[in-house]
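Look for chain A in each of the two complexes below; its partner is chain B in the first and chain C in the second.
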Partner chain A sequence: MRKILLAATAAAALSAVPASAQSVTGTVNITGSVAAKCKFVTSSQDLPLGELADADGGLDTTKVDGQTRTLTGWCNNSAATLSVKATALTGDQPVTSGAEAAFTDTVNYTASVSANGKSFSDISTDAVASTAANVDMFSGNIAVTLGSSTAASKKLVAGAYTGKVEVFLSPTV
Partner chain B sequence: MKTMLSLLAATTAVAIATAPAQAQTVTTGTVNVTGSVLGRCSVVAPGGSATQAFTGTIALGALDAADGTLATGFTTTTSAASGGTPVATRVVCTSASVSLAIVADRLSTAAAAVSGYSNEIDYTAEMQVALAAGGNGTVTYSTAAGATAANSATVGRLAASGNNIAVKAYGFSTRGGASNLLVAGNYTSTITVNIQPVA
Partner chain C sequence: MKSALFKSSLLMLPLYGMAAPASAQETASETASGQVAVTGSVARLCILGEPSRAVVDLGQMVQTSGASVGRIAALATQSVSLPGSFCNFAGSVLGVSATALLGDSAIAPPAGFSRAVNYTATATGWGNSDTAATTNAAVDGASPDSAATGSTQPSPKLGDIEVALSSFSAPQNALLVAGNYSGLVTVTLGPVPVTE
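For the complex of A and B:
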């Protein structure tokens, strides 16, 4: 609408010049483009959880659930999508054979992501990312929160545990 | 008798003497040849026929930088170093003075913008004409400022040969602020110029 109004204004301005069959009119079209894209401004954050086990050796879920970190980024296209992939926390020492019933070296959880007022999530029990869903055009925070952690009611094997939450932004479906 | 002969001789002499006076009475004829050249302007591109309009495109390519804002390669453009390649042509005007006018609209895309984004880019459109007396005449249109006195002007006789008209775009700035990200899409704008003889 604004472009139409501007065009009308432009035409009106030129019409102020007396019309003449001997005049020359030139039309120059300006073109440019902006490709659809997404970009992380803050692409990585560390989330140290500390001691994961409680006094009984089981998972202290309070060390995991509710923990959050915020990434930042943007997508300049309304068709932009976001997906998230949670990878379980895994200890660097495997469970000794025969101790599987009592111990585990894996802590699963659900990663929830909030961006542009929309929510996305993925559970770490599978190795695949969540289905990409529309996040729309946005610029700002991408909050990652852990929740629903579980060690399957087992005790945790001693060691260092690492996991990760990956957030994928795509400019188009 | 002698006297009579002398008188006749005198008479003859007079008659002979008056003959050249009769030849000078022939009238002089004058034919006036007139013609006119109408004050006119036409586009006469090299090797082409005269027309009353020209069109061209200034292709700017990708507008955004890696951070999503308008690339500094556009924000720093000037009249001397404009964005893209200026459109140039040859316009022939027969009048001693020529009236110039220019208008333009913002560079924009149809996709809507949200907070922190912009889908409009302001810039300055310029038409520069080469003058027969040397130097240039210029009119400009700022899409941010809108109509101003700079949009039209009357200049002297245009240079006769070569491309004497150049239309360019420069001084690009994101509508709403330089920090706004540009919405993805194809951006278009139109510059319209008018060149006409002054009577």
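For the complex of A and C:
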């Protein structure tokens, strides 16, 4: 009898172990966010074209067409867009007094931009940027190339000419 | 493992707190812009059109009969056009220089004779007034040159320049020595000369 009691006690003690090890769980939820951004790494380049006129005083289109400079940048959002605004080359000496029929102080062109395997363009004859188009997320070169230059078949008035191509990256539509 | 998670949480919280100021500086809607500055230049340039006549041949210049035989005839005005001449800047000026027609005989002409024929070269189409140079060579051909500078063209201009050769005369209306006569008209287009 005594042996039986000892065995029962041992069994009771063993069954109590699982009941006392029941687990509980606490949770720390970790969150963060990354804002949609676009950045230029190389945001500015100079493109000196030199003498623009040919021997007859008209535009030497070879001085403009095909000229290129490369900016670099990135966007971290697939909805990122790119737009281009080309501003005509304008001379520092206005054409007046009826000389407009033969001379111009304006050289228009088309600015083509290549980024992330996509192409964008804007013509300088208007003062507005091209419609923003999707460029997707990317990091790399943004190549700007000039083309289709024209002085409206006129001769160029002497002087220094300045223009610019602006590239706008927007992280969202 | 719990210990590792706990450390990770502790690290993440300070990072989250540091990220907040950064996002305040650069808003999610920030648009980036880059620029390629394009520059060029156009040099001052003047071009004279190809003369419509490279040589002006006056032919026989003296009267061959009548009371004034041997003396210069009434020669018609000769015109030369320089089409499509232009300067691409404001402040250009036209110059004309003329050299009297001189006979190819280098011998000093005897009294009553001349080896020079004077004339007036007038250029029009530039500036606000005509530019005229009148030669005044002596009978022996001395001092055959004359020059004139026109008025300033106030703006770039493209147009035809007309040159008229007129008023042919012999000094003292002398008899002209036989021979071939040649003169020269030079038209110059350029910036207004700077005087110091």
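Keep in mind that, in the parts below, the second predicted complex is superposed on the first by the 152 of 173 C-alpha atoms of A that agree within 3 Å, B and C clash if a C-alpha of one lies under 4 Å from a C-alpha of the other, contacts with A are read in each partner's own complex, and residues count from 1 in each chain.
Just so it is clear, a residue touches a chain if its C-beta (ideal position, glycine included) is under 8 Å from a C-beta of that chain, and two chains touch if they have at least 3 such contacts.
Computed from a predicted structure; not experimentally measured.
S.K.: If we overlay the two complexes on their shared chain A, which of chain B and chain C does A:78 touch? Say first, second, both or neither.
M.R.: The answer is first: A:78 touches chain B but not chain C.
S.K.: Based on the superposed arrangement, let me know which partner A:140 touches: chain B (first), chain C (second), both, or neither?
M.R.: The first partner, chain B, only.
S.K.: For the three-chain arrangement built by superposition, which of chain B and chain C touches the greater number of chain A residues?
M.R.: After superposing on chain A, more of chain A is contacted by C.
S.K.: In the overlaid three-chain picture, which partner chain does A:170 touch, first (chain B) or second (chain C), both, or neither?
M.R.: second
S.K.: Taking the superposition on A as described, I'd like to know which of chain B and chain C A:96 touches: first, second, both or neither.
M.R.: second
S.K.: Please work out whether A:117 is in contact with chain B alone, chain C alone, both, or neither, and reply first, second, both or neither.
M.R.: After superposition on chain A, A:117 lies in contact with neither partner.
S.K.: For A:25 in the superposed arrangement: first (chain B), second (chain C), both or neither?
M.R.: first
S.K.: Applying the touch criterion given at the start, work out whether A:51 contacts chain B, chain C, both or neither, answering first, second, both or neither.
M.R.: A:51 contacts chain C only, not chain B.
S.K.: Identify the partner contact of A:36: answer first if only chain B is touched, second if only chain C is, both if each is, neither if none is.
M.R.: In the superposed model, A:36 contacts both chain B and chain C.
S.K.: Which of the two partners, first being chain B and second being chain C, lies in contact with A:161: first, second, both, or neither?
M.R.: In the superposition, A:161 contacts chain C only.
S.K.: Pick out the shared contact residues on chain A: the ones touching chain B in one complex and chain C in the other.
M.R.: Shared contact residues on chain A: 28, 30-33, 35-37, 39, 171.
S.K.: Would you pull the chain A residues touching chain B in the complex into a rising list?
M.R.: My answer: residues 2-3, 6-7, 9-11, 13-14, 16-18, 20-37, 39, 74, 76-78, 136-140, 171.
S.K.: Under the touch definition given earlier, write down the residues of chain C that touch chain A in their complex.
M.R.: 5, 8-9, 12, 15-16, 19, 23, 26-45, 47, 86, 88-90, 154-159
S.K.: Which residues, counting only chain B, touch chain A once they are in their complex?
M.R.: 38-43, 52-64, 66-68, 84, 87, 89, 91, 99, 101, 103-109, 111-117, 120-121, 123, 125, 127, 143, 146-147, 151-152, 165, 167, 169, 181-197
S.K.: Would you pull the chain A residues touching chain C in the complex into a rising list?
M.R.: Residues 28, 30-33, 35-40, 42-53, 56-57, 63-64, 67, 69, 71, 73, 89, 91, 93, 95-99, 101-103, 107, 111, 142, 144, 146, 155-172.
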